[in-house]
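Heads up, the next two complexes both have chain A, just with different partners, chain B and then chain C.
== the complex of A and B ==
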C-alpha cells in the first residue's frame, strides 16, 4: 500500500494524488494519441464514437453523479447541440465558433429549464426533463426551416485553418479533434470538481439541508450544475452530428436518453472515469453481442438474429444486474478490486458495506 | 357544438384509461415513495395476457373469465417483481428504482413482443362495435364501460387507503419506514401487496384500452402520458391522478382538432410543465416544505 506524504494542505486537492498517478494519465493520453497508427479505420471510428459518448456521459454525470439530479431527457440537449452546430455551420460560421455556440445554446436552454425545475425534488425533475425532451422533439419537427424537419439535416464537414477534419476523408484528424475536445473537457471537469463550485455540487447532492445550512445557494448551484451538464452534452451532440453526418430527429430518441443514463449508472455514479467506462461498455456491447450471436449461429445453429429487440433486452438485464448487485458501477467495482490488491491480505468483507437510508416522505397527508 | 361534445366524450374515456395507469403510479408512490416507470408496460402486458386468454385463436376462454384471470395473473406478476427484484433495492436512493423500472419496462416489452409479436392485435369483446345515440352524439359502449369502471375503481382504492388497516399501514410505511417498522407494520409485505395491486389496476386499464382499439407491445409508451397525468394531479393523490388523466384525455383530442398536429402531442407535457412550475406539488399537492 502506497503512503502519500503530504507537505501542504493544498496537496489534499491535487488533481493527481502522486507521481505514478500522473504518469498513468500521461501514458493513457499518449496511447490514445497514437491510436490511429495502431488500429484500422473501423476501430478508429468506433473509438471516436466511444469518445463522443464519453463526452455526453460526462455531461450527464455532472447532473446525475455529482449533483444528484436525475435527467431522463438529456437526448434533448444532444439534439439542441447537434442542430445548433449544423445550422450555424450551414449558415457559414466556422466550426470553432459553431461548436462553442452549440454548447452555449444547450447550456443556456438547460439552465433556463433548470431554474423552475430545480425547485422540484428528485423525481419531479426527472419527469420534467422527460416532458422537455418530448417538447424539444416536437419542436425540432416544427422548426423545419432550421432543422430540416422530418427530412433531416446535413452536418457539413469541418475545415479548420485549411486542414480538413472530415469524418470520412480525414478520419484520423477528426479523431484527434474529438480526442482534444474530450481531453480538454475532462481536464476542466476534474478541476471543477476540486473547486468550491464543484464541492458545493457534492454538498447539494449529499444533503440539501446541510448544504443550505453551510450557506450554499441550493437553487443556484443546481441550476448551474444542470446548465453545465446540458452544455457539455450539447458539445457532445454537435460532435455526434458531425460523426453521423446526416441526421433527423430520430437520432435523438428517448432510447438515447436511457442509454446515457446507462452510461453513467453502469460506469459508476460520481466518478469521471465512470463516464468513460460506461461509454466503452455501451458502444462496445452491440459489437460484442453481434460477435456472440454469429458465434452461436455458427456453432449451435441457433439464429438469434431473428429475435427483434434482443439487444435492448440484454442491455436491460445488464442494467438491472448492476443496479442490484453493484450500484457503484464498474468504477466502484474497480476501486474495490484495487483496495483488495493493495491491502492484500488484509482486506475485509465489510470495508465497502453499503450504508442504508430509510425513507421519509415530505408528504404529510 | 356536437363535434366538441363528441370529442370531449371520447376524451373522457381516453382520460379514464390514462387515469387508471396513473392510479398505478400513485399506488406505488403512496406506499413506497418510488416511481414505477414500467407501469405503462405492465398495462400493456396485462392487456396482452387478457388477449392471450380470451381471444378465440389463442386460448379461447370467455371474456368474463379471461379478464379476471388476467387481473389475478398480473397481480402475481406485480407481487413477484417486488418480491424478487425491487426488494433488493431496499435502502438505496430513489432514482435507483427509476432506472431499474425503466429497464424492467424494456424486459416486459421484449417478453410481450416475443410471445405475441409486434403486429397490432385486437381483443375480442362481447360489446365490440356497440353504440348508443343521444341527440347527435354517438357514444360507444366501450367508452361508457371505461368511464364507469374507472370511477368505481378510484372510489374503491381511495376507500382502501382511507379506511382499511392495510391501506393505513401502507401510508405509514411510506411516511416513515423506520417508524412504521417499529410500530409493527410489515413494510416489505405491504410493499409487495401494493405492487400486486398496481399490476391488477394496470391490467384493468390495459383491457379497457384494448376494448377501444388494437394493441401492440409499444402501447406501454402511453405510460409516459399517464405519468404526466399523475404529476398534474399531484403524485400521491388518487382523485388527483384521475383528474389529471381526464384533463389530458380531453385536452389532447380538442387540441388535435383546433391546433396544429404537433401541438396536440406536446399538450400533455406543456400542461404538466405549467403545473410543475406554478404548483410544484401538483393540483392536489401533498408536499410541505421541509423544515429543519
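== the complex of A and C ==
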C-alpha cells in the first residue's frame, strides 16, 4: 500500500496526489489519443459515441451525483444543445462559436427552469424535469423553421481553419475533437470539485439546513449546479447531433434520459470516473450482447436473433443486477478491488460494510 | 451594548406557542446557557436566531443590527455559527472537507474562476486550509483529518461539528446540546474547549444544555425556560435554586 508523505497543503489541493497518479492519467490520455491508429473505423466510431455519452453523463452527474437533484429530463438539454448548434451552423456560424453557444443556451435554460424547480426535491423534482422534457419536445416540433419539425435537421459538417472534422469523411479528426472537448470538460469538472463551489454542491446534497447555517445560499447553489449540469449536457447534445448527422426529435426520447440516469447510477454516483465507466457499460453492452449472440449462432447453430427483445432483456437484467448487488456502482466496485490489491493479503470482507448513520433527523428540513 | 439582544421573541406554530415572549441579552465574551425541560423551546430559540424559523413577533439584534429580516444563509457572514442537536454533518465528505465547507463565507472566487482553478483559487485554498488546520489542532482532530464522516464514532462527529462552526471564524457560537450523548470524559473535554474558546479566541458562547455539571462549570449566566416562557435568569446557582425552575423540572408538590 502506497503511503504518501504530504509536505505541503498543495499536495491536497493538486489534482493528483502523487507522481504515479499523474503518470497514469498521462498514459490514459496518450492511449486515447493514439486509439485511431490501433482500431478500425467501426470501433473508433463506437469510442466516439462512448465519449459523447460520458460527456452527457458528466453533465447529469453534476446534478444527480454531486448535488442530489434527480432529473428525468436531461434529454431535453441534449436536444437544446443539438438544435442550437445545428441551427447556428446552418445560419453560417463556425463550429467554435456554435458549440459554446449550444452549451450556453442549454445551461441558461437549465438554470432558468431550475429557479422554480429546485425548491422541489426527490421524486417531485424528477417529475418536474420530465414535464420540462415534454415541453421541449413539443417546442422542437412546433419551431419547424429552425428545427425542421418532425422531418428533422441536418447537422452541418465541421470545418475548422480549413481542416475537415466531418464525422464520416474525417472520423479520426472528429474523434480527436470530441476527445479534446471531453478532456477539457473533465479537467474543469475536477477543478470544480476541489474548489469551494464543488464543496457547496456536496454541502447542499448532504444537509440543506447546515449548508444554510454555513452561509451557503441553497437555492442559488442548486440553480448553479443545475445550470452547469444542463450546459455540459447541451455540449454533449451538440456533438451527438454531429455524430448522428441527420436527426429529428425522436433522437432525444425519454429513453435517452433514463439511459443517462443509468450511466450515472451504474457508473457510481458522486464520482467523475463513474460517468465514464457508466458510459462504457451503457454504450458497450448492446454491442457485446450482439457479438455474443452471433458467436452462439456461429458455433452452436442456435439462432437467438429470432427471439424478439432478447437483447433488451439481457441488458435490463444486467442493469437490475448492478442496482441490487453494487449500489455504489462500477467505480465503487473498482475502489474496493483497488484496496483489496493494495492491502493484499490483509483485506477483510467487512472492510466495506455500510456505515450506520447516527441520529439523522428530518425534522428541520 | 450587548452582542446579542433578544426582545420579546415569539413563534407560534398554529395554536402551539413554541416560544412565547422570551427576552435576554448576551454580553460579548460571555458563556450563556439556556436550560429547560424537553419541549421547552430551547432549540426553537436557536432556530429563530439562525433564521430557520420566522418569528411571530419580537426582534433579534446582533452587534447592534436587527437580523430578524435576514435570510438563513446571511447569518454566518455576520459571525454567528451554530451546531445542531442531532449532528448535521456532510456524511459523505471527509473531516477536512467538512471543515473547509465552514470557510464558505470567506470565499471570494466565482464559479468560473473555480472551474479554471486560477492561481487565485489556489491561494485562497491554502489560506482556508491554514485556518482549518488551526481548528484541527485546537480540537485535536489530526488523526481524523482524511476520514469520512460516515465512519466516525458519535463523539468525534460532535467535535467535528464544533470544528465546522469554528471554521467560520465567528464572534458568537451557538452550541445545541454539545454534551448530549457524550461520555463523562468527553463532556469534560467539551468544557475545556468552551473555556478556551472564550479565553483564547475571544468567542461568545450561547448554548443549550441538559448536563447541569457542564452548565455549572462553564456558564456565566443561565436562562431557564419552560413551555416557551422564561422562568428565571441569573447565575447557575441562583437559577437552579429558583422555585419555578424546580417546579418545571420536578413538578409541584400536591397541595
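Annotations
Here is the rule we use: the second predicted complex is superposed on the first by the 348 of 365 C-alpha atoms of A that agree within 3 Å, B and C clash if a C-alpha of one lies under 4 Å from a C-alpha of the other, contacts with A are read in each partner's own complex, and residues count from 1 in each chain.
Just so we're on the same page, a residue touches a chain if its C-beta (ideal position, glycine included) is under 8 Å from a C-beta of that chain, and two chains touch if they have at least 3 such contacts.
Note that the structure is predicted; figures quoted are calculated from it, not measured.
Using the contact criterion defined above for the overlaid structures, shared-chain residue A:316 touches chain B, although it does not reach chain C.
Shared-chain residue A:209: touches chain B and chain C both.
In the superposition on chain A, A:134 contacts chain B only, with no contact to chain C. In the overlay built on the shared chain, the residue A:188 is in contact with chain C alone; chain B does not reach it.
Of the two partner chains, chain B is the only one touched by A:116; chain C is not.
When the two complexes are overlaid on their common chain A, residue A:327 makes contact with chain B while staying clear of chain C.
Touching more residues of chain A than its counterpart among chain B and chain C is B.
By the touch criterion defined above, A:4 lies against neither chain B nor chain C after alignment on the C-alpha atoms of chain A. In the overlay built on the shared chain, the residue A:124 is in contact with chain B alone; chain C does not reach it. Shared contact residues of chain A, touching chain B in one structure and chain C in the other: 209, 213, 357-361, 363-364.
Remark: chain A residues 9-10, 12-13, 188, 191-192, 194-200, 202-203, 205-207, 209-218, 224, 228, 270, 355, 357-361, 363-364 touch chain C in the complex. Those residues of chain A that touch chain B in the shared complex are 64, 70, 72, 116-117, 119-124, 126-128, 130-132, 134-135, 138-139, 141-142, 209, 213, 258, 261, 265, 307-310, 312-313, 315-317, 319-320, 323-324, 327, 354, 356-365.
Within the complex formed with chain A, the chain C residues making contact are 47, 50, 52, 71-77, 81-82, 84, 86-93, 96-97, 100-105, 107, 109, 111, 114-117, 121-122, 124-126, 128-130, 148, 150-151, 154, 157, 164, 168, 181.
Of all residues in chain B, those touching chain A in their complex are 32-33, 35, 85, 88-96, 98-100, 102-104, 106-107, 109-110, 113-114, 118, 174-178, 224, 227-228, 231, 235-237, 260, 262-263, 265-266, 269-270, 272-273, 276-277, 280, 286-288, 290, 292.
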